[in-house]
Amino acid sequence: MSQPVVQVEEQGPHTSSQKKKSSKLGRWLQVYKQLKKNKMAVVGAWIIGFYFLVAILAPWIAPYDPLKIDLVNKLQGPSLDHWMGTDDKGRDVLSRLIYGSQLSLAVGSVSVLIGAFFGITLGLIAGYYGKWIDTVIMRFIDILLAFPGILLALAIISALGPSLINVMIAVGIFSVPTFARIVRGSMLGEKKKEYVDAIRALGASDFHIIVVHILPNIFSPIIVQGTLRLATAILTAAGLSFLGMGAQPPSPEWGAMLSDGRNFLWSAPHIATFPGLAIALIVLGLNLFGDGLRDALDPRSKK
Amino acid sequence: MFVFIIRRLMQMIPVVLGVILVVFLIMQMVPGDPAVLLAGESASKEQVAQLREQLGLNKPLLIQYVDYVKDVATGDLGTSVRSGRPVAEEIFTRLPVTVELAFWSILVTTVLGLIAGIISATKQYSISDVSIMVVALLGVSLPNFWLGLMLILAFAVNFQIFPVSGWGSFMHVVLPAITLGTAGAAIVARMTRSSMLEVISQDYIRTAKAKGVKETYIVYKHALKNALIPVITVVGLQFGALLGGTVLTETVFAINGLGRLIIDAIRMRDLPVVQGSILVVSIIFVIVNMFVDIAYRLLNKRVDLN
Amino acid sequence: MSNNQETILDVKDLKTYFYVDDEEVPAVDGVDFTINKGETLGIVGESGCGKSITSLSVMQLVPSPPGKIVGGEINFKGENLLSKTEGQMRKIRGNEISMIFQEPMTSLNPVYSVGEQIAEAIRIHQKKGRKEAFEQAVKMLELVGIPSPEKRAKQEPHQLSGGMRQRVVIAMALACNPELLIADEPTTALDVTIQAQILDLLKDLQREFNSAIMFITHDLGVVADTCDKVVVMYAGKVVEHTDVDSLFESPKHPYTKGLLKSIPRIDEDQDELEAIDGTVPSPTKRPTGCTFAPRCPFAQDICHQQLPELKDVDGSKARCWIYSDQWQGENPMEEKGEMAHAGN
Amino acid sequence: MPGTETKQPLLDVRNLKQYFDIKGGVLGRTVNHVKAVDGIDFQIYEGETVSIVGESGCGKSTTGRAILRLDNPTSGEIEFNGQDLASLSKRQMRDVRKDLQVIFQDPFASLNPRQTVGRIVEEGMSILNSVPKKDRKKRTVELLEQVGLNADVVNRYPHEFSGGQRQRIGIARALAINPKLIVCDEAVSALDVSVQAQVLNLLKKLQREYNLTFLFISHDLGVVRHISDRIIVMYLGKIVEVGDKKSVFENPQHPYTKALLSAIPEPTRRKQKERVVLKGDVPSPISPPSGCRFHTRCPLAQESCKTKEPELRQAEDGHMYACDVV
Amino acid sequence: GCASEPSSSASGESSDEGSDEKGEKGGELVLAVLSDATKLDPHQGTDIPSANVYHGKIYEGLVKQDKNMEVQPALATEWEQLDDTTWEFKLREGVKFHDGTEFKADAVKKTFERILDPETASPRKKLFEMITEIKVVDDYTVQLKTEYPFAPLLSNLAHYSGGIISPKAIEEYGQDLGQNPVGTGPFKFDSWTPGSEIKLTKNENYWGDQAKVDSVVFKVIPEDSTRIAMVETGQAHLANPVPVNQVDRVEQNQEMELNRSEGLGIDYLGFNLQKEPFDNKKVRQAINLAVDTDAILSGVYNNVGTEATAPMGPGVWGHNEELEGWGYDVEKAKKLLKEAGYEDGFKTSIWTNDNKARVDVAEVVQSQLKGVGIDVEIKVMEWGAYLDATAKGEHDMFVLGWSNMTGDADYNQYFLFHSEAKGTPGNRSFYSNERVDELIDKGREETDTEKRQEIYDEAQEIEMEDAPMIFLRNDEDLVAVGKDVKGFWMHPAGIYMLNDVTVK
């Protein structure tokens, strides 16, 4: 019997164990479709999009100069002139929030990038090489993880001094263990797959295998983690600012605004309320989106 | 199991040494000379030099580290620059407060989280599921310092049900514990839910159904115990977040615990106190995590016990 | 060969569909078969053809939301199970019909001792006390050939080997002496030497309990070894329903025949296997007409256009146009079938 | 079958051992080993197909992986084409790779889901630079057609294919660098019988065309009989019987081989042969039984089996078995 | 000397002062305060939170100042200046320390010897370093000899570092005296939970009028809003400080009232004269003109405190009444800048610690200086680092306050403007003017009050012209007082006066 040339017809799932893996474009298209079905994720995406838009358009949409002090008009409640009122120096809260979005998103993104870069690198190396390399790296990660909550970030800031840049570094370092663990875990699973052995059998270098073959395949959990971590980073940075360890005045960082506003909870609650809501909303958006993304990327969650 | 506990204890040692090292190194990066600080503003150069000698600041870093580890091992965390009292004393007068706060908060986290998670999972896609999950998401998203302020505004100022701040009675605990426990409760609820749902889709649940076991019985007997296993780890990790959160919560509620000690010490550049208290909190966390690990092993017998 | 002709299970035109991403997946799409008391019915077919879903449908354990039994009848001892309430079904499950699953590793609850898990079924259905049920569970373990059953009963699944776990699962299924036992690939995950043990055990137990067995497998060797009758499924449908002798001696459906020829044999040398071309169509994209037509060497126009009926052919049933009046030309099966015989 | 006596073997495995560490104890030190492969010898000659059969966990895959140097063997020599692979450095090993290839079991895990079929097949050529860049595309298409796939599949992704088709892609990848020896680790086990038959036919055809040598790992004796020239039966990390296909199947010597053969239910209505049902489970390779490893389950076991480890002994020409009783 | 939190002094008229018949005796008085004490040792204290716990409560000095800053007898019943450098004090008889020791001349001697002892390394030594001898004449007579005629001696003795310590306690506790204070005052030290609270109990054996409450608790509540809310909800009787932005909240509340009292301190924005361009007088003057201190007083300080027209406020003895502030004149400022060669402005920074009001000032000044083209960056540091940096002269501009505990010009002039006091002691603008140094030295020794006033008038005039700093406001102390509290007043030096306080 001669070998038939098999026409590749539209093939669906063939066995129940099959995981949905797809081509680059097709894959993201599928993820997008999946996401679109998740109403919560759509809401999250809208929120995130809105914030980014606001951050980009800040100079054009902010009604006032966020730093313009106007002591005569201080502590005004929301009005037509000042939709969110003014703060204790008469600055327009809305304008400050709008500009603050740039800071919060920048702090969040940069620190997540820092954390992701080092975390992914460490996780990949630990997971791929295993043995003592793994032990050394993971012990180091354990040490970082042994600092509860934002304490590590606080310790770092206490050494570097408070500033937004240092917050990025501190929160970045604080995020390293999370990424390292996720990546290592995925790596352990992925490196056992036969395609990795197949590539090794072809004589590919470790670097080639890790970067070209494995990394793209474990990217989903990294993306999901990145989104969720962004939320945490924004919260942590705000917390540090709240403690006076973050953004320096007069910068309209939300945590710092909140910290300022707490003195006026009684007389002018709007000053603390709006930045609080702004933080809660973006964090909510990121969480919603991250969750949706996780579901969309997770083949098991298909209902 | 015994071997495991011993091994886990031994594993703690390098982690604790590492934590000490990290704290030690970070504190080395702090600008300013500790001797100058400790000597006080009016001290002469000679006095400072003498103090440097006395504190061993002239020695190589590594020796300083080893000395510090030795001191820590004997319970000597140094002397507070600001108050002149031993750091250990400063810490241990505040520790009970933070431990109590942490206890109530973790209670809020666990109890609330578990109940919500179980309801949510068993009534998947129902109104209560959706609303619990929405609330849980909010809980994760609210900055806890803000939540604390809002709770004060609402329950202490407007309704005057609870005291604004301070410590001592049960009433004092309520608002801070809620503030601190909420985020964790939300996370535990989500984790419980997904873990429950995951377990419910397992083969052995199908086996139980094939035996004719009742649905509720399946949930509480077959699923819950398995579902709790990953939840325990999450609770352990939440405990860490919670300990870190005390810094903020204690500031908001003016509770004189370790968290505030740290923040104050950072503000005052009281480095021995910063160093010591971060160390103590970390060690507590490491110990708690060890217990969590052990509990996890006990529950999850599938994990290789070697 | 059944020694008892009373029908215990009669499945008629069973249809179980899944609804995924707004798509309808007809996993089981018109399945008919019967099982008599004390007899073993094998269900064979390639992966994804709907064997497991058929069995879960009988138990009414099809995962739902996505899945739903959309049509047909499942008559168990004359009563349609589809019209029973969940409470009534619970009384049947584990008691009158019980099930052995494929994966012995995952079908036991990891946090309870195996004795407890067996006893649970006994407690539920026989209303026995905890202690009594446990004792009976130990007896069951002994029955399935587990050495020192008292000790093992107190152990948890992770302390047992794969073969022992599968025995536990069998003990659990037999604990209430069911009239129908559904075994979904009970040996696929096991090594051949262990498989031989389990198959022997099942045969012994069947003799003892006189249960009817619905035995799902993809291994025709196992079918030959254990079954009295066979249902061959292809793409959600029964293509042949026959007794085991005629299956191997004169398969009626081209698919069955292809399957038999594809198997490399340990008892003879073959230079080349007669493989079936192509692949199984995906359940969402099944061809119109006979689902096997695209791979069938004999397919004619009608095969691509219309779905044939499941028809009586020489005491067997087959779903093929060859046995109808519309078929043009002679029956290609017979000729080839003879060649196959010649090869034997 | 080629004249095996005169020729130099392509692959000569001598006393290969592969132990995996088990960490434990208070300090997490190595407290024990999984003796996955515990001293095996065998040869493969050019152009033949040698199969390794045995139950799960007996060390089949481990042997294959050691030969491919995917794991570094604990000890022993693996002489391939006159070179001892076990002693080569990572870099030196790369030069040898072009002669050694592998096809894996799982059609879903063995292809990188993020690469196009074209990339997958081309990868080996580019890593080893065995084919000039400009010719790679052409060669890829050729190979795909060789294994029965259309040329237009190059831009598709693995998930768009069925299991059998994926296995063909894997075969094309292995062929791309013109290897001499291909290790097929359960290459058809995950496939449905109808598709398995297609792939088996394909492998046979390719062997004829390219004069390939196969080391075929499988637990399915039917498949093994169909494809191999010679057969190695393993039990708990040891070889218990080696010989050419016919003599092993028709005249098995070792009680384990006999039991294995008899345990397989045959798809026929002819009277099933008398079965030798083995008692108990396969012992753990961490602490394998002393003496003859099979003695715990062997129907013929004698007192001496518990202590004395049997040597491989000759039954007939090239047919050897390790049992002192039969 | 020490730059401290804006503190204050004043002759604050308290609401129901003296009307003790209204309140009931007994009970516990709870004060919500910002910071915990550091050391309850008059010789080690540089901070008002500590002083507020012991000064006038646990410890008393030989003399004290009343609400008008007049010197009054305390542990000394009378005194006499025997010559330019010798002072004789008659001590009160029948006074006992809390530990039972009798108060006699040796206690005075031991106390002052301790503060002067280099071993003690007292940061307050400067207040008494001119004392060369403490002579015990008899059990109840002491003579103090000074190196040179020193006019402000009595004021300094009234300072909180002048508290007389039990000689037995000095022996017994040594360096740990800060945790075990033993004095003669109306309250005894009871307990201290660091960071949380300090409790004092009434001294039943007090020589003077006994305190009306049984005990006093200082609760540390760092959160501003919380501190005030505690008074609002009755959990505390007094809260201090009240941040300026909460003035309205306190005033409008039924549950509490605001006690305002003029302080002796001053808030200022300093320049680092060692750095360009602040070494240029014109630049400093220009900035003085460009900053609208009125707007800051009303906008940032919420009109708490008064406009500063001189380096020290009217409450301080020696205040120059003739001086006027620089006023606000942007045009003139620009002109001066042009003359100085900074027509296009320059870049600089304002340093401050993380005190809300100071940060606010920095922000407002930043915004105002933008108007004359000066681009300012704000650096907020924690207190320790800030003090360190400003003492070393790393800063450009800086916001700070200077409290005046003695109410005398010297305390202000010497520490803020004398070139000897550069850096840590207090002159953080590194100002140096020979004439001013000369005048301050003269002022210390001049005993004739009129002449002394003239000396200080001239000094302040020069300082105003030299403009090493912008004087932002004269302090005012704010205390939130619960409605049940009667008899509270705030000493101008920023000390709570609790002796007459009653609570319901």
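Here the chain labels run A, B, C, D and E in written order, and each chain numbers its own residues starting at 1.
As a convention for this text, a residue touches a chain if its C-beta (ideal position, glycine included) is under 8 Å from a C-beta of that chain, and two chains touch if they have at least 3 such contacts.
Which protein is which chain? UniProt says A = ABC transporter permease; B = Nickel import system permease protein NikB; C = ABC transporter ATP-binding protein; D = Dipeptide ABC transporter ATP-binding protein.
Small disclaimer: the values here were computed from a predicted structure and weren't measured.
Touch-path distance (fewest steps) from chain A to chain E is 1. Put simply, the chain farthest from chain C by mean CA position is E. For this pair, chain A with chain D, the centres built from the Cα atoms lie 46 Å apart. Centre-to-centre separation of chain C and chain E, using mean CA positions: 93 Å. Put simply, the C-alpha centre of chain A and that of chain B have 22 angstrom between them. Taking the mean of the C-alpha atoms as each chain's centre, chain B and chain C sit 54 Å apart. In chain A, 1, 4, 6, 11, 14-15, 161, 244, 262, 265-266 are the positions where the chain touches two or more neighbouring chains simultaneously. Taken residue by residue, chain B touches two or more other chains at 31, 152, 157, 251-252, 266-267, whereas all remaining positions touch fewer.
Along chain E, residues 223, 225, 229, 354, 382, 385 each make contact with two or more other chains. Residue ranges on chain E touching chain A, taken from their complex, read 223-225, 229, 243, 245-246, 248-249, 295, 298-300, 354, 356, 359-360, 362-364, 366-368, 378-382, 385. By the touch rule above, chain A contacts chain E in their complex via residues 67-69, 71-72, 74, 88-90, 161-162, 244, 248-250, 260, 262-267. Residues of chain A touching chain B in their complex: 139-140, 142-152, 154-161, 231, 235, 238-239, 242-245, 255, 258, 262, 265-266, 269, 272-273, 276, 279-281, 283-284, 287-288, 291. For chain C in complex with chain B, the residues that touch the partner chain are 59, 61, 63, 90-95, 98-99, 101, 103, 106-112, 120-121, 124-125, 156, 158, 169, 172-173. Remark: chain D residues 55-56, 162, 164-165, 192-198, 200-201, 204, 219-223, 225-227, 249, 259-269, 272, 275, 277-278, 281-282, 297 touch chain C in the complex.
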